[in-house]
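Heads up, the next two complexes both have subunit A, just with different partners, subunit B and then subunit C.
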Partner chain A sequence: MISMKQCELLVVGAGPAGLGAAIEAARLGVSVLLIDENDTAGGQLFKQIHKFFGSKEHYAGTRGFQIGQALLREASALGVEVMLNARAVGLLDDGSVAVQYGKDLIQIQASKLILATGAKENAITFPGWTLPGVMTAGAAQTFSNVYDTLVGKNILMVGSGNVGLIVSYQLMQAGAHIKGLVEVLPAISGYGVHAGKIKRAGVPIWTKHTVLEAKGKRRVEEVVIGEVDDQRKPVYGTQKTLEVDTILLAVGLTPRVELASMAGCRLGVERILGGHLPVHNQEMLSTKDSVYVCGDLAGVEEANTALDEGRLAGTAAAEALGYSDAKTADKKRCLVEGLHDLRMGTFGEKRLDCKSRVIEKWSCV
Partner chain B sequence: MDKYDEIICRCEEVTRQDIEDAIRDGRSSLSGVKKQTRAGMGACQGRTCSGLVRRVLEENGVELDMVSSLDTPRTPIVPVPIEAAGGKE
Partner chain C sequence: MKDNWLKQGYIDVDDWRKDMNYPSEARRKQKAVAAIECFQEIPCNPCRDACPAGAIVLHGLVERPKLMEDLCTGCGLCVAVCPGQAIFLVEERERHARITFPYEYVPLPTQDMMVEAVNRAGETVCQGRVLRVAESKTMNKTRLVTLEVPLRWADEVRSMKRLEGDHENG
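Let's turn to the complex of A and B:
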């Protein structure tokens, strides 16, 4: 059955970016509908059981899922209508968003659209990667932290970014044996504080190494890893075989651009931010004047940048709808400056450069 | 196992060999490879393999731009129950 629904602002995705957007728009008086395909709001925050660090404004010292709960409470208190198990499946010719809700298809007509669709996990291929026992690290984290299910006993982690490091540590806490991490780059790519936790527990991190093959009859039983040269080609004679039942891939994320692309938003490519992404201006407006983008969709970063990009998009969209107060201009300026500060330091500066290029590309359209 | 037995598109069981053959036949875009090999035409509609096909293209020296590196997304972008699309069980 197809039914219709109308609202001033539709926010797609209730992770930190979407929640931030919905909260700020609702605070200014906009009627907001927030939809998410999952049965709980919070996006990736929902499975983050560790305490966040950073600043007080970004909930330092609070566990990720509790941040999600706090944001959801705030959104509800401000009158945001939250629809869970509601999956945006496309855009229709009249500009409305098609949403699957159980066995129904709902057409949602909104004056402004904020896309906070997040990112999806990447895979890499090697002979045997389609065997049961190979999966992405984020999937294993969801199984463990949300559904109390350990996906394997003896695990090889592929990738030493923050996802690979944090998920390894959490699975160790849950009782798994992490046989080691392989990283194709010459150095660990995530934060030292996360790498330290697993190194102290004696887990080897093999840099300049990759997976060559997964072996097993019905599922993964062994993995062959080996060293790579500067061209990332395997070095003959360096192969090592490990007995594992699970290989987890933590090899980056790609923005989920389908809806933005369908809406006609111009895309750009920034590899450090995950590949193709919709270009946007400083206030997160895409090249379509009714569509804003924020969070991992607008470039894969972290929960704190996603939250603030969302807040900025929500404030800008509210203003464009005619809702603003004496503090709005100031608020936007603070958020823009805050985002700049979050992208300082060794890890942030490359992202800052990419973001500047994205904003420049927007102004060239 | 040979590296050419490596499956790239698991829904349609398209191997690295199939894709490299398509590239040798002159395919130089995601949709070109898709039309020749069916990579990306299975149940997941390329949500897992489009990035992998893109990588094989690049590894084989194909330079991709905005058009050649993306599929055109169409509604529905994810599988939906037939009832939701207006059909009957």
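Let's turn to the complex of A and C:
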């Protein structure tokens, strides 16, 4: 039997974006239901034991899980209803959201919907990639930082983005050895300072290198890596064999667009932001007038942009529902400007270009 | 500089000596001073906010921090708060240098322990004596380790080799 539930605003996904959205909407008086498929709210924040970048407004210098705790306290104080172990499985014809909640299927009817469904990790394939011991870096991070379980002792990390660099550091803190990190590009792609941390710990970083093969009887015992040329083709004779029990893949993320797509939101493609994503306007409204998108779903970036996009979506949705005050317009302007600042500098500029294009695409619909 | 730094993950010591934030010899010999080894424009500014002396200039969010070495008191608050662990303290005495760096591994070193002092590449360059392992609530679990090393390694030593020890389940 399907039970029904109604609310003014339904937020799907309780990571930084969803929490930011729920908090700002609730602050303006909206009754908010926040659902998440996991058994704790906070999304990836509770896996992040390192101090965050950003400014005071983004809790910079505070560890990720502590930011998660602060956001949860704020949401709870504002009366946000949080439903955990609740997986949005699809959208029904009448626009309501079907949610699997334990053994029950609940139909949630909301006036406005904010999607903050995040992203999923990419993988690459190579001979032996199905052996136990090959997994994504985020999975290893969850095992280590949430479940106190080290997935391996001797690890090869694949990918030098911030995920690969940070997870390498954290697994060393937990007692693992990172035998090396390979990056197919000619340069490290994450922040230099994160690379600096693992270099000081003695981790070899091989740029223009990739995994050629994982070897082992029952699980990974060895990995063969090699240099690649400018076309990313392996260079003969450059193979090296490392004794490892684990190969972790940190090779990018892809927005989880399924619900947005079902809702009929127009998708665009931005490679730098992770591939397909729902196009949106400056205030995070998708091409459907009751559906907002934010966080990694709206383009893979980082926790600070996710949080602020969420805050912006929550404020805009509340306003559309008739809840606003004298400060609302100013608040939105500050968030838009803050997001612009977060996308400045060496790493942000490409994302800023992509986001401008996404917003332009929205206005062409 | 940029090419090497992005290929190898750390700055060459000669490039560091040319950097705008490399403290002057006079200042290094006076007392501890912050060595801010932050070379990319990333959206981050807590070092500026942590500095009680206003010695770190950083406009907006993504600019590189600039140290006003005469204002720096060498307190180390920026060292602990920097999410990139890119700030160190250096102090040059007659024959030794004192290098302070953030440290987040266990087991922790203890005072007077002799440890392997490592450079930016993680290579052991000399032995170092642990002068201090500082922690406080503000530092939020990041310890500041101060090593005494021979003076000639002052520009190179930036951490210590991790200590072996029981480390089940981190």
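In the analysis below, the second predicted complex is superposed on the first by the 364 of 365 C-alpha atoms of A that agree within 3 Å, B and C clash if a C-alpha of one lies under 4 Å from a C-alpha of the other, contacts with A are read in each partner's own complex, and residues count from 1 in each chain.
Note that in this section a residue touches a chain if its C-beta (ideal position, glycine included) is under 8 Å from a C-beta of that chain, and two chains touch if they have at least 3 such contacts.
Bear in mind the structure is a predicted one, so any value in this text is a computation, not a measurement.
J.: According to the stated criteria, A:213 is in contact with first (subunit B), second (subunit C), both, or neither; which is it?
T.: First partner only, subunit B.
J.: Give one of first, second, both or neither to describe whether A:197 is in contact with subunit B, with subunit C, with both, or with none.
T.: Touch status of A:197: second partner only.
J.: Quick one: is A:42 in contact with subunit B, with subunit C, with both, or with neither? Answer first, second, both or neither.
T.: neither
J.: Can A:274 be said to touch subunit B (first), subunit C (second), both, or neither?
T.: Neither partner.
J.: Mind listing the subunit C positions that touch subunit A in their complex?
T.: 3, 5-10, 37-46, 49-50, 60-62, 81-86, 104-106, 118-123, 140-142, 158-159, 161-162, 167-170
J.: What residues on subunit A touch subunit B, complex-wise?
T.: Against subunit B, the touching part of subunit A is residues 2, 87, 89-92, 98, 100, 102-105, 120, 122-130, 213, 254, 257-259, 261-262, 267, 269, 275-276.
J.: Which residues of subunit B touch subunit A in the complex?
T.: Interface residues on the subunit B side: 1-3, 5-8, 10, 16, 47-48, 51-52, 66, 69-70, 73-78, 80-81, 83-86.
J.: For a test of understanding, state which residues of subunit A touch subunit C in their complex under the given definition.
T.: Within the complex, subunit A touches subunit C at residues 50-56, 60-63, 66, 144, 148-150, 172-175, 186-188, 191-203, 205, 207, 304, 341-348.
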